[in-house]
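Quick heads-up: structures coming right below.
Each of the two complexes below includes chain A, the first together with chain B, the second together with chain C.
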Partner chain A sequence: MFAYILRRILYIVPIALGVTLLVFALVHIAPGDPLNAVVGPDAPAEVVEQLRRSYGFDQPLPVQYVIYLGHVLSGDLGQSVATGRPVIADLGRALGNTLILSVGAAIVGFTSGILLGALAGWHRGGFIDRLATLLTLIGVSVPHYWLGMVLVIVMAVELNLLPAMGMAPGGATGWGFTGAHLAHAVLPVLTMSVIPMGIVARSVRATVAEVLQQEFVQALRAKGLGRGPVLRHVVRNVAPTVVSVLGLQFGYLLGGSILIETVFSWPGTGFLLNEAIFKRDLPLLQGTILMLGLFFVLLNLLVDIAQAALDPRMRRS
Partner chain B sequence: MDATAIKPSSLERPRAARSPGYWSKVGRRLLRDPVTMGCLAVLLLIVLSAIFADVLAPADPYKASMIRRLKPIGTPNHPLGTDELGRDMLTRLLYGGRMSLVMGILPVLNALVIGGLLGIVAGFFGGRLNMAIMRTIDVLYAFPSVLLAVAISGALGSGLTNAIVALTIVFVPPLARIAETVTTQVRGMDFVDAARASGAGSFTIIRVHLLPNVLGPIFVYASSLISVSIILASGLSFLGLGVEPPQAEWGLMLNTLRQAIYVQPWVAVLPGALIFLTSICCNLASDGLRTAMEVKL
Partner chain C sequence: MPDQTQSAPLLSVSGLTVSFKTERGTASAINGVDFDLKRGEVLCLLGESGSGKSVTLRALMRLLPERRSRIAGKVLLNGEDVYAVPERRMEKLRGKAISMVFQEPMLALDPVYTIGHQIAETIVRHEGIAFADAERRALDLLERVQIPSAKRRLKAYPHEMSGGMRQRAMIALALSCNPALLLADEPTTALDATVQMQILLLLRQLQAELDMAVILVTHDIGVAAETADRVAVMYAGRFVELGTARQVLKDPQHPYTAGLLASTVHGNMRGHALEAIPGAPPDLTNLPSGCAYAPRCPHADAHCTAAPPSETWLEPGRMARCVRARVPAAAPV
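Let's turn to the complex of A and B:
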């Protein structure tokens, strides 16, 4: 097991380097001079030149990349061009807010998805199976930013039950376990949970149905085992696949929250990205993408390790 | 694709590459599947109404009117109401379909060519070339798709072309992976060895023996990405990264109408309902195609 973990960690090093390379490249695929966002186009040439040197833009690209990598490794993501604050400070708070949404959506979406998928796989062709198929189809087809709008219209505008946007009354951005905070989180969390619910339900259903068709389940039943013990064996065989789906979906929730955060004006990483894009704040854009990307890589590593822990056969490959 | 294609599900069992009547069988299966046929009909309707928007539309999509802003559904002359600048909704929805469909379909087609080519080359030649291609693809896989699309189009700036480039990059990795997997499977089969033993070159083997067997699964997989692509493309416009105003596009219309949900909520959600309808039909049609072609992915 230890050797396996070590191998997986070694494997993600080049991937993580690739992620930093891609994020580094973002500045250079951006049209125009990256310094344009710092100083206006009519700035004197000497000032621009001096800035270029201080940002290191006068160096050859490979050197720039190595310098960038050094900064990243020492935890320095640069300064926001718009605010002058270190990127990492703003990023920390935003990541926390996005995590609140993602964890909430994961709890709702994963529980309902697993329950629905398991019941559908266990009773194939029945009513629950058809319901699960329908919900899955809706989950993977609905533009969730639109679903968010519809929920706001029904729950906030028409029925006036829940707040339409923001994280707390009066546009506050801190989290607290108060009724008002929870009420603000209900709609974005529900909206976000629809996609993982559909995908988790689909894969749980398929995996359960597949495991139930294997001979060992027949053997267990022939041996006279009741439903409970058979279920335990099925769960053990379904778990590795489901864990990998859940891990991936959690990563998608974190990285894909930008649309939902825009709909609900939620002050998370998506909001930060929006800000960075429209103010041409490249360091902020780079830092946010890098963090989310690395988080996703790390999550994949954890999934691999969890899978190997659940299924010893995985360790050998 | 021609009659030399074999049923991809029988890839495990090597058999002669010629199995006449495969496509007519697929066609018959599709005709007998009411859900798929219904969805294809709806999609055809959506595509035709987008193509013939200038004939069908009752008004000018850009003609604003300060006194006719945000009229409800069912207003005389404006059957689906008007938007925040008083433009006719029905007209803008018809025109909006053009951009949304182009932005949704083109990236998948681009990625089908680029990703399919990369995957087939990686799978067929194996070795170091495979390593180089697939490890590069792995890096792109290290980003959730929404994030990658936002990152690239955010850096490139808004605009139709930039959004299409960004989405193409998002869909290349999954298509390359599928193509690589299928190609590796087919390459190991006896008829490829036989072809090589009889003196066929790599290019001939790929063209004659490999392509007919791998294109089916790749194509079916690509068709399943169209609904994702449509949602993502409109999502980029919704964020202000895709098509720019005053162009009509469903995602962008949702964005500009977002402020109007307190005044005309049901007019504001219309563009999203169309995205939903298109995407659900694409998903069902792709499922039907997969079943009819007996492709297992």
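Let's turn to the complex of A and C:
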């Protein structure tokens, strides 16, 4: 097990390097000259040339990459072209804000999804199954920006129960565990939890149904185990698959949702990405994508380790 | 029961029928099975796939899915009516009074628990002793089924063992609470030929040591001849022939038994051509009104298709369900 974990950790080094390479290439893949966002189109040629040298764009690409990697490793993601602030500071704040939404959405979406899926799988073909399948189908099909707007119209505009946008009263951006802050998080969290709920419920249902069909479940009954102990065996067998789905879904949630964060004016990573794209703020875009990519890699590592801990068959390879 | 020789049989099955609801209609898997089993007796159920052998075993343990199956008849285990007691009571009987060895141990063992855990869990369930004590008992059991370096195997997962070893572990699991009746559902089918023999010898040895009754399901006549006191031949959910192993295998009275014997390789057949039984087993959703074997039977006539033949008792304990079974001594082949 220990050797397995060590090997998995070693594996992520080339993957992480690949992520940095892709993010680095972004500057050159994106159409147009990256300097266009910094200087106007009618800037004199010598100014552009000087900037090109100061940004290091005159160096060969491999050299540029090594320099970039060095900066990244020392925690320097550059400065935002639009604001001049260090990317890492803005990114940190946005990640924190998105984390609030994604953890909330994970708690709501995962618990309801697991519950719904388990019930449906256990009663496969019955009424509960059909009801749960309908709910999850709606969950994965409904466009969530639309759902967000409907929730805003109903809960905030018509009923005036919950705030419609922002993180705190009066457009403040700090977070605190006060009633007002929590009230602001309710609608975006609910909206965000719908898709993971549907996806988790579907895969839990399929996995539970598949495990229940296996002969060992009958064999467990044949040795005299009652409902409870059999259920425990089923849970242990379902867990590895579900953990991997949860990990993946949490990764998506961490990326924030451009649409949801825009609808609710939530200053998270999705909001930040949106801004960076529209302002052609390449350093900000690079930093955000890099960070989200590395989070994904890290989450996958955790999922792999959790799976190996739960399923002895995984530890071999 | 004409074949009842002792006062209280361990197992008494009468009028057992099982049918399943399927998309194509109702499949009649068991169509009236009656037999008694004494303590320490070995009965072999012989027949092709789909003849109802495995379903019979599962019906005896009340393991069939209750929503999709209709079960009628009576199963008395130690005088207790299996289909009248509450599920709670049945859970106490399963694994303790009656237990089962499955065909494919790789599928029948939980892949994410160790062998030791799975055996110990059963013992804890039925005897309420501490888990550590149960694990010690599990070790004894693994040694008893001759698993080499048993101590290490206790901590092994099913996928870490060979097929033969897994089946030994499955047997250890089934024997963990000294059942009076062991059901073995083709326990050697999934194994290599050399391992098959070892497992059979082990089963027979344990059966004698523990004085267990065993119902062994097989389609291998050699296995039946080696292990059984009595043999019941099943076809389309019925016993078509019943008798001692010697009676049934040496002097088959039902043409299906004769066909099975002629189509299988067994002792002293060198020089004889193998014969195949023509046709296929009947569609269980649409059984013929007469003898279910009639469409494939070389001797079938108008009597056979008119009505299902009733049991003909040739002598106590010797039954054939065939209109020709009356004819004495003349071998039907």
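The rule is short, and it goes like this: the second predicted complex is superposed on the first by the 316 of 317 C-alpha atoms of A that agree within 3 Å, B and C clash if a C-alpha of one lies under 4 Å from a C-alpha of the other, contacts with A are read in each partner's own complex, and residues count from 1 in each chain.
In this text, a contact is a pair of C-beta atoms (placed from the backbone, for glycine too) under 8 Å apart; a residue touches a chain by one contact, two chains touch by 3 or more.
Please read these numbers as outputs of a predicted model, since none were measured by experiment.
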Clash or fit (per the criteria above) of chain B with chain C on chain A: fit
First (chain B), second (chain C), both or neither touched by A:P14: first
Which of chain B and chain C A:R221 touches, first, second, both or neither: second
Touched partner set for A:R236, first chain B, second chain C, both or neither: second
Partner chain in contact with A:V157 - chain B first, chain C second, else both or neither: first
Touched partner set for A:L119, first chain B, second chain C, both or neither: neither
Touching partner for A:R313 - first (chain B), second (chain C), both, neither: second
Comparison of chain B and chain C by chain A residues contacted: B
Smallest separation of CA atoms, chain C relative to chain B, angstrom: 15
Chain A positions touched by chain B in one structure and by chain C in the second: none
List of chain A residues in touch with chain B within their complex: 14-16, 18-19, 21-23, 26-27, 29-31, 137-138, 140-143, 145-147, 149-150, 152-153, 157-158, 251-252, 254-256, 258-259, 262-263, 273-274, 276-278, 282, 285, 289, 292-293, 296-297, 300
Touching residues (chain side chain A, partner chain C) in the complex: 214-216, 218-226, 229, 233, 236-237, 240, 310-313, 316
Complex contacts: residues of chain C adjacent to chain A: 58, 61, 63, 88, 91-96, 99-100, 102, 104, 107-113, 121-122, 125-126, 157, 159-160, 173-174, 176
Chain B - residues contacting chain A, complex: 135-136, 138-140, 142-147, 150-152, 154-157, 227, 231, 234-235, 238-241, 251, 254, 258, 261-262, 265-266, 268-269, 271-273, 275-276, 279-280, 282-284
